[in-house]
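Here you go, one structure.
Think of it as A, B and C in the order they're written, each chain with its own count starting at 1.
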């Protein structure tokens, strides 16, 4: 049920300090993450090749890690370089290394065939470390099938209901028909809400202008890696936002939201909410992100309840409604990729 | 393992206020209960037809319920009456409605073929709302197969041991051979304990007379719905109780005990213990019911331990003893009904 | 996955007082242990033959136990001797009795064919009640497959790493190549660490001499029952310990360590650490045992983490290293016995 030949965001770079180790399960496999003295990140199976003790309860020794059960030492490439009691090492003692790269503040891991692991395939999330933007990276743990989270992100009509008092605040969001396009690598959705009475509740007190508003959500899902990047914002009504004009008072945001499966029933959610104004005001960045997080906690509540219903009676028989064109396309693209990998 | 064509007691009427919603799993399906403005009760699947979010975390809107995920609205018949973003609704968006009825202070749900849901089939529990009797309705949750609870109720020899200091208090209960009869719709058991030294421990301080006692338990299980109704009491010895004479000092009770499966390993137990004296004394009713509950908690302890043993090693190989004629008949009637439904 | 025709240590004798009952799961079956008025121990299935209520929530009545559900009484041989409401008892109401014996402070249970239960097969653990030695019996509960614990005991190279600051304290332990011998009933390992700078950390403050040390671990696993008995100690360097000479200052210990499976994923660990000096000093015995226990808790931590890794991805593909000859032999002997029992 997981696409393997993809780059999966698996940790924030700041989680890996000089000497620590992080253990995290990705696509059902528990991985060990650490940063070498050269500053690069290494990712290997968190499991000694010998008797399967976790390496994360071992000891960092320079750029190596020693399993503290029987003392085998592995270098940053997962190669066994010391076996107590003998010269050299026994055969087949290396630990599986996963191709990895650090980019856009995130550590990305390639879970499939290493020969295909081209860093050029990492989806563009440059707003997270572009100096023209500011953001505060966050993480949410989900007890749910990752696809339920994608469904949620691919149908913003839920903003009107789940996020009535936070991210939404307008009935129009559910009433508008979004433009849904299949792109080379995923799905693009475009939603415009013109001439709204005001900004969304999460912008209360932050608005750079008063009066009626043109709002938009233009977002893109990259199927490989489940990466959403969304251009959203609010501009004074009639100032040309739909035509691409952004007057100075227009508030622009780029949300990055990445869903990495932990296993069939759990997922990691890495996200940030970049803005291109008040860049030096980190308190503002934090406060804005906190408000968005309120909304994301509302999503988590709903999606985990939905998972519980599916655990009880399965997911067969869901009805399709008009608003489902985005999520239906997303699901279909995932199924296609899974079928391609299964047949390869 | 569940008989579906039956009325199952699923909630006390008082649980459903004007505006609230109750969610409860019955026979493995989670149902939503609420009361409409006309005062009638409606029961539907607690699951939006669209993406399976629970409706119980939605919002009551008049006699309707709105799913707060993507905003679909369902009326009290489970019919989808609003889909945001379009006129009318998409096909197959109705939620399953279950036939239900409120009677004898209980909400009853029909879990099988709706065409067969005849309210006349609801077992008679009228002592619960008969003005000549008083009772205090209660609920106990069981972590056990509902059939283990039926077994318990069908063999009162356990009163001597499990309830030695509460409901029992006499060795004779285990020694007596009950009369066991198959009725049209279940099992009837009759137990008389004549010339006992005193009343059961739970009546300490409540007795309306002194001296030796004739006690009885005459109870009936309706197989469909697992409804027990028991006539029990204590009369001064030799005053004709076995012949049907009830002298004024005789204390008479009607216990109603209903076991509704939640799923294979859990059950709901709705019960009351009606008395036909001191009717205006609600403190007495509560105190009496509290004492009975002590005994029912003893049952729960035993039955859940029994379930744990069965979870470990199965239930094959249980020995049959002489006292088992009641429970054996009850089990057989259930098996027959299950077989009938399976072949239908 | 369990050898059944073996004596399994299942309780410390001191757990069974005059009137109590102990319930414990052994090889997946929950057993009831109690001591009769003659002082002997009896072990039967902790499950009434009738409706499978646990007997351990019943009542001791002399040397019998009464099931407190419907009142059946069983004697110390598991024979049903009373059924309320009739003369005599119904057929097939006896409870399974397990051959048992109390020896070396432990209660041993035979889990296989009773005809083969020869007490002469109980492994020798006499150091536990030999007046020339003193010990303090202990118990640890493991959430792990018993074989992972055997693996641990069969490769002492882990002392250098897991027990660096407790039982180990020397790199040489991991570097030494032990002598591994197959015996008639199991595996024998011999490890000598000559001319070490000092005693192990757990002996800090207890040492009877100063200066350099010859240390040894000579231990034997009896495959049937998973019984380890280990001769270990420290003697002043060059005083002839390897040749069998024990000068008066030499500190000698005999550890008894027994691993009894509870089920596939849990195990009981009964152990003691006998010493043959300061015999009258029970505070010393307790303190010494506490220090050993620190090390055993380190093992438990590692082994349970290892189990969690195996739960996630199975145990296929473990690499073999040079130090594995002991554990590989132990595993092979267990597999042989299992195959023998399966074919019998």
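Just so we're on the same page, a residue touches a chain if its C-beta (ideal position, glycine included) is under 8 Å from a C-beta of that chain, and two chains touch if they have at least 3 such contacts.
This is a predicted model, so every value here is computed, not measured.
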Cα superposition of chain B on its sequence copy chain C - rotation in ° rounded to nearest 5: 120
Type of chain A:chain C copy interface by residue overlap (half), same or different: different
Between chain A and chain C, centroid-to-centroid distance (C-alpha), Å: 49
Overlap residues in chain C, where contacts from two or more other chains coincide: none
Chain C residues touching chain A - in the complex, by the definition given at the top: 151, 155, 157-158, 160-162, 164, 171, 174-177, 301-302, 305-306, 308-310, 312-313, 315, 318-323
Sites on chain A touched by chain C in the complex: 25, 28-30, 46-47, 49-54, 57, 66-72, 83-86, 89-93
